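Below are two complexes that have chain A in common, paired first with chain B and then with chain C.
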Partner chain A sequence: MNNEKLAGTQITKTIILFLIGSTMVIGTGVEAGRDMWISTLAATFLSLPVILIYCRIASLFPGKDLIEILELNFGKLIGRLLSIPFIWFAFHLAAIVLRNFGEFISTIALPETPKTVPMIIFAFICILAVKAGIETIGRCSQYFILLIAVEIIIVNMLNIPNMEIENLRPLMTLEASKYMQSIFTAFSFPFGETVIFLMLFSSVQKKNSVYKIFLSAIIIAGLIISFTTARNIMVLGPNTMEAMYFPSYSAISRVNIGNFLQRMEIVVTIAFLLAGFIKISVALLAATKGFARLFGFEDYAIWVVPIGLLMVNMSYLLYDDITEMFEWAQKIWPYYAFPFQVILPIGIWIALEVKRMLKEKKQQVEL
Partner chain B sequence: MWIMMIISYITVSFFDLKSTKDKITTGKLMLYIFLMAVSCAIGIANGYVLDMPSPAEPLRRMVLSITGK
Partner chain C sequence: MMISKVNKAVLAFLILVIMLTTGCWNYREVEQLAIVAGVALDKNEDGTLQVTVETVDIRGGTQGTYEPEYIEIEGESLFESNRRAIAIGGKRLYWSHAKAIILSKELAEEDISKYLDFLFRDQEAREDIWILVSKDSTAREVLQSTSKFKNIVAFEIDDTMRSQRSLSRFPNIELYEFFDRMFYTNVSPVLPAVCLEEQAGGAASKVGGTAIFKNNKLVGFLSEKETRNMLWLRDEVEGGFYVVDNVMGEGNRVTLEIHKSKSGIKPIIEDDVLKMKADIRIDVFIVEISGGVNVIENPGREILIKKATESIKADIMSTYKKVQDEYKADIFGFGREIDMHMPYVWNEIKNDWDERFQETELVLNADIRVNGTATTRLPLPKGEK
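So, the complex of A and B:
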């Protein structure tokens, strides 16, 4: 199981689905109002320096994951201590995304059913996928991305009659701080979350360039998210969109071609759930792999069920209601995630570079 | 409800451990049982305690106090 290897295209598609997973459902960067799509686009490109740092960390030690890199460079004790925040972050992210989808299903389809029921079912599917291994998740991504791409194209074409380009105007009328806040939110959710892929890069074939994988995935996903946000604004209008919990779902429910082709939101819900399944599975896999390595176990499969069940309990405990969930996503998450997504990776990167430079100098002196 | 919860956790653990191809040592088994017991206890408490403290609440308060919002 630990010898599983993913092809470059598979991991790229997995990252794209991971990024669009819950972002398509709950949206991001709401602070910028009608210019949300611009701030999402800006966040895509402004997140690239941080993403390049993730790439650099991964490319310094090809074929190794973050915890191995930390152990190798800082010793077993400090390395393992440094890996704990990343394991916690992956676990917390998995629980949060599971709750997002639990609330989504419970709001749109099963309002009378306790939300634990869809959450447990969803979690069990993810647990099975993680137990099957990263190769299975990668192969799932390969097929799911086709479905989602077709869905995005068809649904957007059908939604053209409902789009009002005037809803996007006037452009850039808000104060700069609102845009900064919006970009910050859009960076932390979803682009910065890709930090957990550092814990999975031991499963990527060595011949693939980490830079190519990460950068192409970030740019494609960023464009999809920005376009989806622009579509939502054009269809719903900025005020309605800000008031909606699930803007994409509401925008697609407006599709009505000749009173015949309507209720397309069900098709889209399936696409959302597929992307969500990939996101939760990847986060759970990272948490489980990290946990296994933290305790010095070679194989992670045995820990998937206990950690997956803990994730279900945690996600149920996280918030009282959907309002609290959105408050957390918009006001708390960007600040909470910042140390995991920026401060720790930058610190690790600087330490690795200094160590590498000192080693090279020492070698030169010896020669 | 709690009896059902315990039975379902025991059933899941039984089938999960049975299907594991990896060698199960005593240390692994103890950690596994501990994690399942914690998970089961939280699950039961979720059903009986009305205002279970959320693990996100201290983090939320900390972030709000830092940002001053």
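So, the complex of A and C:
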């Protein structure tokens, strides 16, 4: 089970779905108001240096995942200690995204059903997927992305009559600090979250270039997110969009063609849920695999159910209500995620490069 | 993979469970719901909210008919009244099909955000509801007036609002647009006004005119004609008509149907003074000529165009002046135009835009083109004296 291999295109699609998963639902980088779409676009490209560092770490040791790399280079004890933050991050992320979707379902569709019911059902499917392994998740993404692409295209075409390009103007007139903040938020959610793919790259076929996989996924997803944000602003108006918890959902609910083709938001919700399913599954898989490796288990499968159930508990305990969730996602998450997404990877990368250089020098001396 | 006997049993059990135990958590039969069509909000003398709900009573049969049923509730907030309605008649109000909310004038003169927040927030209330302000009667009287074609007043108001483009006598403001405008500091939102008009069979509701809001408070109304002038400055005229009197000599009248209208509005700076420039291009048809005046052939047509241009310009100018002087509210969205076209200028003036708006000059150009005269080439001749 640990020897599964994924084709490059499959993991690219998985990363794309992972990135758009909850971002399409709750939006990111609200600080920049009507220029949000510019700052998400900027965040896409400004996140590339950090993403390149992830790629470099992965490509230095092809076929190995982060925890193996750490153990190999820093010894068993330090390597394992260093991997604990990443495992925690993946686990925490899975719980947060599960809660995002729980709140989403409970707010828009099932306000009188306890949140735990949809969350448990959702988590159950994710546990099944993780048990089935990354290959299954990869193949799911391959089909889901088609469905989602078709839905995005159709819904946006139907929404064209509601779009007012005036809502985007004037461009870039806010204070610079707002843009910085917005870019920072958009970097930490969702682009920086891809750090957990470092824990899964052992499953990618060796012949595929990590750089190609990662960069193309980031750029495609970034364009989709930025376009979706622009659409939301055009349809809803910048003020309403800031006021909405789930702007994409609200924007799609405006579709009304001749009083006949309307109330499509539920159909699109399914697309959101598919992407969310991929995101939670990937995060849960990374957490489980890391956990199993940490304690030296060959097979991670037996840990999926307990960790998955823990995830449900965790996501239930995370926040008191939806207002707290959004406040946390906007104000605390970027700073909380920064060490996991930037500081630790950069530290590890520098250490790896230094070690490699020392090794080469040593070899030269020996020659 | 082989399915073992145990697994088969488990599978059968699961299928049974799924088939036997599914159902909705909080299933509501349609008979248990009162479908809200329209809502009227009034203010009682003691300050409480008087809510009148027009619900649709669907009667089955081969030809389903629907009749209005009114529920009147007193309460402090809209949601409270919404739930108190259960105690009267025993049904829960269902908001997804609501079409119109009518606010009374007294209520609109207070801060309207107090009453509309529920609609902005609730997930059952969809955003294709129209809000109207009742001009001279209570909102409840409007909602309970006689209906002409559809039995339900709110549905008729919905139909009227949807045909706005061929009338241009009230603004067509959708709920979400109004909400979005409420957030802007540089736009004063407007809403359509509604009043009662005596018809055979009783007073019927009539949508016409504009209610002007400033800082969420109603400050005044525009008449139907003024509304059209205002719509020209907002680039929202899509149809309608225009009557020109005394084109050549006395006692004649030409009615023009507006086919297309496009207003280009942008701020300009002339001699260091910020002005608004409006270029309005109107395509019209000559649809009715009375008084036998030949405006189809030249020189009559030239004269008509000139006269109509001047008349439209004068009309728009007078409405603009009235809004500037009387209401002091930027309902045309000029502040936003400046923000869009000259963001740096706007940043300097945005804090005292309120005063500046009253002094901002409007440079107006109108360009009228006659596109056709329906099916005839000549007017009916005028009777000899």
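Heads up, the rule we're going with is that the second predicted complex is superposed on the first by the 367 of 367 C-alpha atoms of A that agree within 3 Å, B and C clash if a C-alpha of one lies under 4 Å from a C-alpha of the other, contacts with A are read in each partner's own complex, and residues count from 1 in each chain.
By our rule, a contact is a pair of C-beta atoms (placed from the backbone, for glycine too) under 8 Å apart; a residue touches a chain by one contact, two chains touch by 3 or more.
The structure presented is a predicted model; accordingly, all values stated were derived computationally and were not measured.
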| item | value |
| --- | --- |
| Contacts of A:Ile302 with chain B and chain C, given as first, second, both or neither | first |
| Partner chain(s) touched by A:Glu175 [first = chain B, second = chain C, both, neither] | neither |
| Partner chain in contact with A:Tyr336 - chain B first, chain C second, else both or neither | first |
| Contacts of A:Asp321 with chain B and chain C, given as first, second, both or neither | neither |
| Touched partner set for A:Asn239, first chain B, second chain C, both or neither | second |
| Partner chain in contact with A:Glu366 - chain B first, chain C second, else both or neither | neither |
| Partner chain in contact with A:Asn313 - chain B first, chain C second, else both or neither | first |
| Dominant toucher of chain A (residue count), chain B or chain C | B |
| Contacting residues of chain A [partner chain C, same complex] | 107-108, 110-113, 117, 166, 169-170, 173, 236-237, 239-240, 243, 253-254, 256 |
| For the chain B and chain A complex, residues of the former touching the latter | 9, 12-13, 16-17, 20-22, 24, 28, 31-32, 35-36, 38-39, 42-43, 46, 52, 54-56, 59-60, 63-64, 66-67, 69 |
| Touching residues (chain side chain A, partner chain B) in the complex | 295, 297-299, 301-303, 305-307, 309-310, 313-314, 316-320, 328, 331-332, 335-336 |
| Complex contacts: residues of chain C adjacent to chain A | 25-26, 120, 123, 126-128, 176-177, 179-180, 182-184, 339-341, 343-344, 346-347 |
